[in-house]
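Shared between the two complexes below is chain A, which pairs with chain B and chain C, respectively.
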Partner chain A sequence: MKWGGKLVQRLVQLGFLVALLGTWHFMTATGTINPLLLPSVPSVWTKFVQIVSNGEYWPHLKITLYEYLVSMCIFVPSGLTVGYLVSRSRFTVRTFDPLFSGLYAIPQIILLPVYILYFGLGPGSKIAVGATIGFFPVVLNTIAGFSSVDRLYITAAKSMGASGFKMFWSVMVPAAWPVVLTGLRIGLIISFLAILGTETIVSLSGLGHRIVTLAELLNTSLMFAYIIFAVMVAIALNFVVSTAEARGKRH
Partner chain B sequence: MNSRDVAIKVDNVSHAFGLEDEERRVSALENASLDIGRGELLSLIGPSGCGKSTLLNIIGGLMPAMEGTVLINGAPVRGPLPQTVAYVFQESALFPWRSVRENIELGLSFQGAPARERTGRAMDALSAVGLADFANHYPSQLSGGMKQRAQLARAMALKTDILLMDEPFGALDEQTRMVLGEDLSVLLAQTHKTIVFVTHSLSEAVFLADRVAVFTARPGRIKQVMSVNEPHPRKPEFMTSDKLSNMRNELYELLHDEIRKTMMGTEGVAPIAAAPAPKRAAR
Partner chain C sequence: MRTIAQPARPGGFREGLSRVVGTRTADWVAKPGGTRLLIVIAFFIVWEVGVRFFGDPLFLSPPSEVLHGFFILLGEPKVIAAVTLTFWEIFIGFLLSVIIGVSIGLPVGLNLFSRRSLFPIILLLYATPQVVFLPLVILYFGIGTASKIAFGVSHGIFPIIVTVVAGVQNLNPTLLTASRSMGASQRQILRWVVFPHMVPSLFTGMRLGMTGVLLGVLLAELYVSSGGIGYYTRLFTDTFAPSKVFALVGVLAVFAVILNELCRRAETHFNRWRG
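Up next is the complex of A and B:
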């Protein structure tokens, strides 16, 4: 086996996780940590298997996914449309690109109280947070993607007779696509994390809300089972989105 | 030349860059006039910035001339003419997200060729440039020389009467250029296209062209047009012949002062008299 090879990397990563789990198990099995603060590994595992097999997670996950899908339906089309329109002239790029970059740099989560005031404690405010946070990477990368299309491709296409929709669809979109796709990936991931996080701050339902409720009830083994479940959902989402991105960028 | 034999008529064309600011306005091309015959291969040669590529873009309708007119088959050029004029660019202008064959098919679809013809025409053009086995490769999987062959195939598949080539081999190494130049000569001899070819290479200009138009330094004017008088396709032996090397030297004479002028203008380079004492490296 060669040092630095792929297999070695995977083994080190796996070893890290095993060590983490081992430390956790050791601390709880020896009674070093109060089981109310950190429940034992087997008890969390039992709860995890239980919520997955009896489908208890579904009503909570359903709310979170609903919020996520609605926010996606807002920020993906609006980010792409606004980004494309801004990219169309040098003037608008120079005006709006710094504006959006500046707004992206501030933590948008500070809008949460405003959104709660406007949209209430329920899913509405989560959708608004997810849409706001997802919008910026999509709009910024769409501007960057479309405004940096190599002039030579446009000139070549023009010399062969392309114009209007053909130019847009067969040259501009595929040329900008890799950069736009990266923006979509970032937006799709951080909006999900933001929705989950916001649910743990103020909410009436959802996966994040479930975790907070369990913490308040001091039902920590079930809470940890839900945290692991949420982490797995996030990992699965990341995997799906990254795979889609890699497929979309093959050339 | 009889006016019916003229494919491209360049009439007193001038062009400048930097419209809004008179002081920084750079005149690129001044009163260029040329008659390019049907089936002729004309190469444009001159110092950097002399407006050769500008003239090519004006001929192809990619850029409007500020003064003067270009007539193609007697009609003034007002924009791209995909049915009449095809382009080969210096760098790879292939679309990297499409395979070589799909690149050609897309060009044909831009031009408006019927869908059922596209694949056949793409494959014919690829066979002609020796790339049939690479039809399904993506541009990133090809060498520089192969990319330019593919670009040439894309232009030839359009079946236009006129082919404009802007330093098509400019980014390639000497050996690849030589082989490609030979192949191009054979290929073009069969097609009877009218070709305008911009190049930096003196031997390439003589080797390929029927006539060579030499430009002055900026603002570019046409200093002289030289005829080559050698039948097509040019044989590899022509490259090493005395005739070519004499003409090459003649071209060099014509160009030498112009190149020096350009460098004086932009970089302040005078003939090297004595090198200044090297400064000690700062610590």
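Up next is the complex of A and C:
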């Protein structure tokens, strides 16, 4: 079965990327497409190297990261606390879990106009959107994690005389941890994307705002360089968070 | 259902409540659904009272005003047209997502080689943050309807492709070999073996895809819009008409909930044959 081998698969994947870049290069080099709409590959590459090497990206990335960190400081503790409190009794779980999952089904981005009305065009509205969007996966998974701890563990720990705190810290938390971690991963990733997105839609600063400004100036090669940069930041974040999750589950 | 509401300790919450409002009401309130409804009602009351007495009418509207704003909006044909346009964008975007998603997902998923080599590329594309491409989509498709549909489709197809591939992947190879050895044609296999197995995951994918399309269309609408719902949310935000903003957001939220519920119902319905 040589045809299905690993090497051939990698070759097909590589071939796909090469074909994509090749078509892009060919289209721009022959002048089929207006360079204002699609800049040439070398020009984008030069710009990309330029913004990374002279640190031009930093003031924009700094603001995005600031918004991200603040929203994280809001939704992680509040999601964990609310989720844990709800998970304490079956009654509250059955009351609140459908409420939260129902709200989660609504794309929370529609709250953006309301948030802009309250928090203005600056970082405030982005933090609010990021916190709202990150909150739901955290709270839902915390509820799911803590409410599905095996009764047997709890009974066993009780019969061995575990105190309230000991029970929480040595039984409940380790048992719920994997599910909670998954919620944290999803929340951390989608809140970053939401912040990037709201910056794109309406903002005064940040990475998303930079991309929009460049689009409006029709400086497309620099815009492409920033898009590639933003995609790489998101992929790096995805990688870090997923690795942390995998490591946290192993313990 | 009843068993959850059993903390009938003497002097418990429900006991005390039943003394005040009667046993039947207390029973009803003590059910999760009843409590949930009460919480929602309480939320609206707090909102109403809080805003009436402490809020700034430029920024916050009490629910009664929002309802009033909703009826004012109903009387404005331009707003109705904008809402209808947005619904059409979502509908067409969803339709295209399903068609494109299935026609990419099936060939990729059915063949082991193409699955192993192409699926990672699709997953990679799925993981990229699509919002940063929004200005580009506007640049290519203009500020009208086309860009909304395109952005909705780009958000909607990936969940559909991924679930279709996953659904086909879980197909028991014995079934394929058996039907082939009994002389079924390629088309018959698709219709009678692959399709029924794919349907449940297809509907899961359609539900996720619908969420994606909704998100994509709304993002594009909010970014720039010439006649859709995004135009009016921006107009009402800029002119400080919070009751109308809330009314529009409410309409969208209700719409999202209905779509989600429809897809969920279809999903469970088509899952029944497995028993």
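Just so we're on the same page, the second predicted complex is superposed on the first by the 235 of 251 C-alpha atoms of A that agree within 3 Å, B and C clash if a C-alpha of one lies under 4 Å from a C-alpha of the other, contacts with A are read in each partner's own complex, and residues count from 1 in each chain.
To be clear about the criterion, contacts are C-beta pairs under 8 Å (C-beta built on N, C-alpha and C of every residue); 3 or more make two chains touch, one makes a residue touch a chain.
Predicted model, so just to flag it, every value in this text is computed and none were measured.
Three-chain overlay on chain A, with chain B and chain C fitting side by side and no clash.
In the superposed pair of complexes, A:174 makes contact with chain B only, with no contact to chain C. Legend: residue contacts after superposition of the two complexes on their common chain; A:13 is shown touching chain C, with no touch to chain B.
Between chain B and chain C, C contacts the larger number of chain A residues. After overlaying the two complexes on the shared chain, residue contacts for A:152 are found with chain B alone; chain C is out of touch. Of the two partner chains placed around the shared chain by superposition, neither chain B nor chain C is touched by A:66. When both complexes are overlaid on chain A, the residue A:24 reaches neither chain B nor chain C. By the touch criterion defined above, A:161 reaches chain B but does not reach chain C. When the two complexes are laid on top of each other via chain A, the two nearest Cα atoms from chain B and chain C are 7 angstrom apart. Those residues of chain A that touch chain B in the shared complex are 152-153, 155-162, 166, 170-171, 174-175, 177, 251.
Within the complex formed with chain A, the residues of chain C that make contact are 4-5, 7, 32, 35-36, 39-40, 59-60, 112-113, 116-118, 120-121, 127-129, 131-136, 138-140, 211, 214-215, 218-219, 222-223, 233-234, 236-237, 240, 242, 245-246, 248-249, 252-253, 256-257, 260. For chain B in complex with chain A, the touching residues are 60, 62, 80, 82-83, 85-87, 89, 91, 93, 95-98, 106-107, 109-112, 138, 140, 158.
Across the complex, chain C is touched by residues 3-4, 8-9, 12-13, 16, 37, 90-91, 94-96, 98-99, 102, 105-107, 109-114, 116-118, 192-193, 196-197, 200-202, 208, 211-212, 214-216, 220, 223, 226-227, 230-231, 234-235, 238 of chain A.
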